[in-house]
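Input: a single structure, listed below in structure tokens.
Chains here go by letter, A, B, C and D, matching the order in which they are written, and residues are numbered from 1 within each.
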Amino acid sequence: MDNSFGTIFRITSFGESHGKVIGVILDGVPAGLDFDLEFIQNELDKRRPSQSWVTSERFEEDRVKVLSGIFEDRTTGAPLCLIIENKDIDSSLYEKYKKILRPSHVDYSALKKYAGFSDYRGSGRFSGRITAGFVMTGAIAKQILKKYKIEIFAYTKSIGNVVNTTKYSYNNISNLIELREKSLVRTIDRQSSKSMEELINKIKQDKDSIGGTVKCVVVNFPAGIGGPIFNGLESIISKAVFAIPGVKGIEFGAGFKATEMRGSEHNDPWVLDKDKIRTTKNDSGGIIGGISTGMPVEFTIAIKPTASISVPQNTVDIETMQNVRIAFKGRYDPCIIPRVIPVVEAMVANVLADCLLIEGFVPRVFK
Amino acid sequence: MDNSFGTIFRITSFGESHGKVIGVILDGVPAGLDFDLEFIQNELDKRRPSQSWVTSERFEEDRVKVLSGIFEDRTTGAPLCLIIENKDIDSSLYEKYKKILRPSHVDYSALKKYAGFSDYRGSGRFSGRITAGFVMTGAIAKQILKKYKIEIFAYTKSIGNVVNTTKYSYNNISNLIELREKSLVRTIDRQSSKSMEELINKIKQDKDSIGGTVKCVVVNFPAGIGGPIFNGLESIISKAVFAIPGVKGIEFGAGFKATEMRGSEHNDPWVLDKDKIRTTKNDSGGIIGGISTGMPVEFTIAIKPTASISVPQNTVDIETMQNVRIAFKGRYDPCIIPRVIPVVEAMVANVLADCLLIEGFVPRVFK
Amino acid sequence: MDNSFGTIFRITSFGESHGKVIGVILDGVPAGLDFDLEFIQNELDKRRPSQSWVTSERFEEDRVKVLSGIFEDRTTGAPLCLIIENKDIDSSLYEKYKKILRPSHVDYSALKKYAGFSDYRGSGRFSGRITAGFVMTGAIAKQILKKYKIEIFAYTKSIGNVVNTTKYSYNNISNLIELREKSLVRTIDRQSSKSMEELINKIKQDKDSIGGTVKCVVVNFPAGIGGPIFNGLESIISKAVFAIPGVKGIEFGAGFKATEMRGSEHNDPWVLDKDKIRTTKNDSGGIIGGISTGMPVEFTIAIKPTASISVPQNTVDIETMQNVRIAFKGRYDPCIIPRVIPVVEAMVANVLADCLLIEGFVPRVFK
Amino acid sequence: MDNSFGTIFRITSFGESHGKVIGVILDGVPAGLDFDLEFIQNELDKRRPSQSWVTSERFEEDRVKVLSGIFEDRTTGAPLCLIIENKDIDSSLYEKYKKILRPSHVDYSALKKYAGFSDYRGSGRFSGRITAGFVMTGAIAKQILKKYKIEIFAYTKSIGNVVNTTKYSYNNISNLIELREKSLVRTIDRQSSKSMEELINKIKQDKDSIGGTVKCVVVNFPAGIGGPIFNGLESIISKAVFAIPGVKGIEFGAGFKATEMRGSEHNDPWVLDKDKIRTTKNDSGGIIGGISTGMPVEFTIAIKPTASISVPQNTVDIETMQNVRIAFKGRYDPCIIPRVIPVVEAMVANVLADCLLIEGFVPRVFK
């Protein structure tokens, strides 16, 4: 239960950071979908470590392997099993973290939950590496959504206090993606990118880490999907997004800014645009009453700074039961945001594909 | 599926704003729990309209009735059916909103989903009135949590740009609740309360509405509850909280502020406190890796201004397909925050009771 | 969880035999369905007690009341709450069954599960009366299925050793239903009916009870519905059918007889019938690999004799912890089969409506 | 959804008969369980083909491999991924079954469901080979149950019309298993075994197949597990058992025989046995009202003859749309019963482990 998500398009995650593999089962994908291994690999490549100097030095090729569910290059209606192997494993450093709690790491809460039996190497199940599974199924979800011209786009909105304040038009998502992929930090605007890189460089020299925000937008998502009460789009998107390690907040549309607004400011007026109905602005983030309005679905997520840092910190040695100081020595990302971007897109793709299957908008077989 | 939440402690919502009843089924409540009807009624009273001049003028007594699941004043292990009746119904105004889309109301998205068949009177299933069901089961959940000294407390953190910035100690939750209940706007600090009331009064005179934020904290929640990946506490709390109409954002611990912080600032150092392990601060909001740390679970939610306002707004008449102007004439809350407080507490109680049952921390029978 | 069934078309059962009501929530019914209260009532009337001398003497009108989900005589997409009231309650007899275990009744197993807190009056949640809820939603499911000409028909195949061995053609289900409703025991063949009535009369005089079998068939069910592994049609039909009190066995197609057959006898040969493909016989019961074949879905269920009898029986007084003898004094059905017929049809209708919604065969809105 | 089963102890099946692997994910297994790879392999060995002349000639070693979830020889609380590889694959014969429907095989119903995209080689997802996954997780479930002295035992009750009518005492399950494993057909009684072997030999010479029944019993299962309505033990056991290819019927306790009995015969009298309460017989099969009574859980399942036979049969060529005759040429089991035995035990173990976790009877961590 803990490791599955979705009703029809359902993913089940498995694997550990320093185990043999990271994998995912995808059940409920419609039969007859062209399977594009290369596209999955491309998406994975955006997530993998050691892409550039801003990311972790762990070197993993992260080649996707398909164990089931594909026949003659098409989905069959059977569950897919997709894995990547863990190769560049160095668990030597983790032995000591059984005893010394890393601040803001899961060591203590996992100890309380699993009574010491969890695989702590490389943070085990709690590693960001788990998200590779989400990206693999997300790539398949994106291919389904693309059939309906639905596109998902995320980018780095801010790192630390460096904010990309440019408002983008969402008319040409492919172009935005292209621009984003030219930026080491996955923002779009070149000046913002440069400032963010400088900040990360400084943070890295300080052996520290830094947080940031990710903006995500879904275009051409049909109106009328979602529902009131427990399966509203905000409910299921937020549930999915908080599965990504480091996420500590989410806001839709105007979000926290809406709390300072009057209704007369915040309400999105409806207007006739030729014979189509749309709103003149989108402070609702494309969702009202949990249901899509046909406007872009927009949200922003908050990601805390990486907990692993080499700055010395106060903590407790639970073996000796003493207060001690620790400086983490493993490989880590000084700023995880650039690598979270493809994961956010993937999680949202997974969730929305499921919604569209539940509503019968996407069929169970692509004939 | 849309109207149910939880795995063992599972609530199913039904009823419409202008239908006969608002109701809820509660399955999975442990047998042998003393049933305290008065406590449920007290909680409901905090949510009901017409409490004071700051809330809607719809007058409803909201007396809870029990249709099933209780025998000799105790839960039996069978599902409870709890209802309140709708009495002060005036649907005359809503006929026209079939045709004229109310800005930032669900009219358009519901039309797209239900093709015009949904009950639009008083916003039907999308009414905030639905949350009375969450409050009824939440009161039962609170009674379960209380057996383990787990307490939940929410208060108004801000209304518009009036922010209650006081930091409260959570050592005496009963006292905080008492102070909060003395405030018409359900904040604690008297000066903040006064400023907030003044703001609402002005907003009301302007026939407008205003948003705000709610801070919620859970104390004495045991460490080790929750999990990585899809059933982390952030995932399930956020899923539940977004079921409350008007919620547009949530952040745990430092939340969006964490995105501007370095790891060395944000990380919560562990420290020995006599023989107990705790952190010296709680920017993690009591949750790391989706699992509770034993520190208070803390989060803040963003609530948009009520969409119903009497200020004239631009919109579309979908019958004539013309751009028109509308000024809403129904009864509404100029600021919903004070009435959302008991709902937030209840939703969190529901969710946490379920977690504790899944983990086997709470038994299936109170012998 | 225990009291809900289905994924999209989802029923949640509540109420007790001697509580205020028996009720059911139906979530996921498509919006825009004409609501036919009279048809629901007709179905309920087939299930209610005191229909004739072969059934229990408890007198209940069992008038269906709608608490939610209907607006302007159509479904809205919101959950329906349907109830009947319990009126002819006589709980005086049940006080003693707290102490003296009724053989083959749930007294002991419920005691072990609920530690004495369950509502034992009239067997509480374990009463066959609970099935009224299944019948109400089943009537709605039948109306959905009817749009696709799918019809469900069940009849009494045997009571005790009196077996109706006639093979019926399923070309005219309405006619079969009409004939069945002329039989007090809900079989079709008149001679069988007479023999069964005689047997029940004798059993009744003996203050005993008798079991029987029910044959159920679904016609015009489309090929290609269901699936391998855990959601095969046999899996979900059997799960639903065993929810009916007294059911102790189920077999599909040739069932237990198939175990004595060779493959060359049992296999159903495919044949071209004009340009349609069908089998020349149906020992598979219309299901192969968990998926419908387009042939009628056929199964038989075994129902044990009513546990409540007035013949003296050996048992244990758990208060005094003595072996004692007991003769039940409440009202009961000497043979429950005739009243189980509408329940079986309803459960199957519920299950199949859900399957067809999951597959996208039935839309979420009837525009 | 189709490929997952269970609420806490949850299995997700993947893989195809002629794909790379057969696999299973097991989520929710308690942390801290000793992992006994050898025991899993032993259980698998009972299921694998080519054990003796009575089984299929496909040669597979079926060595279990663990991809995740185990650390330092213990479960960690993370999902396990267990696979076996497919090696002795000969798909050449199956190309033609795309066109010519095999009687009582899934060819037609799968075609209707998956529109021709399913992997038909070796029957793909519909192959009995899928059940290897159930056996692997079932072995782990058995180890959990064993901690509570709960044991599961299945044996061949009949093959064709050869019935093992001996009544066994269930006091020494280990001994019964030992005797059963000495029988090629997995019955216990030596004379029955011999007669069954003779029958299978004859069937094999005739290039035909034969069905049979399996009796399964669970001893030391605690009273009070299960529930009324939808999660009664009969409901969930039957749902699980029908996931095994070839199963066409199930009956609990006296089952279909109960339908010919009077209540006074069928009811199981309670009796004091020293200070324990039990029944003097067990026609209820250890389950009343869906809840265990503390008596052995007993049921019998009906398995149809293998659909694959080399006897010529009438069918349809869907390419030419002609009636044709076919004689199957692949490798198959003339009687699958002996290999189904370990699968039945495993499925029941999976289901019961889940029940006990849901009830909190089994903890989430074995400290």
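As a convention for this text, a residue touches a chain if its C-beta (ideal position, glycine included) is under 8 Å from a C-beta of that chain, and two chains touch if they have at least 3 such contacts.
Everything quoted here is computed from the prediction, not taken from an experiment.
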Shared chain contacts [subunit C and subunit D, defined touch]: A, B
Chain pair showing more contacts of the two, A-C and A-B: A-B
Chain centre separation in whole Å, for subunit C relative to subunit A (CA means): 46
Euclidean distance of C-alpha centroids - subunit A vs subunit D, Å: 39
Chain centre separation in whole Å, for subunit B relative to subunit A (CA means): 27
Junction residues of subunit A, two or more chains touched: 1-4, 7-8, 13, 113, 125, 358
Contact set on subunit B toward subunit A in their complex: 1-5, 7, 13, 101, 103-106, 108-113, 125-126, 130, 158, 160-161, 203, 206, 208-213, 222-232, 234-236, 238-240, 242-243, 245, 247-256, 258-272, 275, 277, 279-280, 283-285, 287-294, 302-309, 311, 313-316, 318, 321-323, 358
Residues of subunit D touching subunit A in the complex: 1-4, 7-8, 10, 12-16, 19-21, 23, 25, 27-28, 31-32, 67-69, 71, 74-81, 83, 113-115, 117-119, 121, 124-125, 365, 367
Touching residues (chain side subunit A, partner subunit C) in the complex: 7-8, 357-360, 363-364
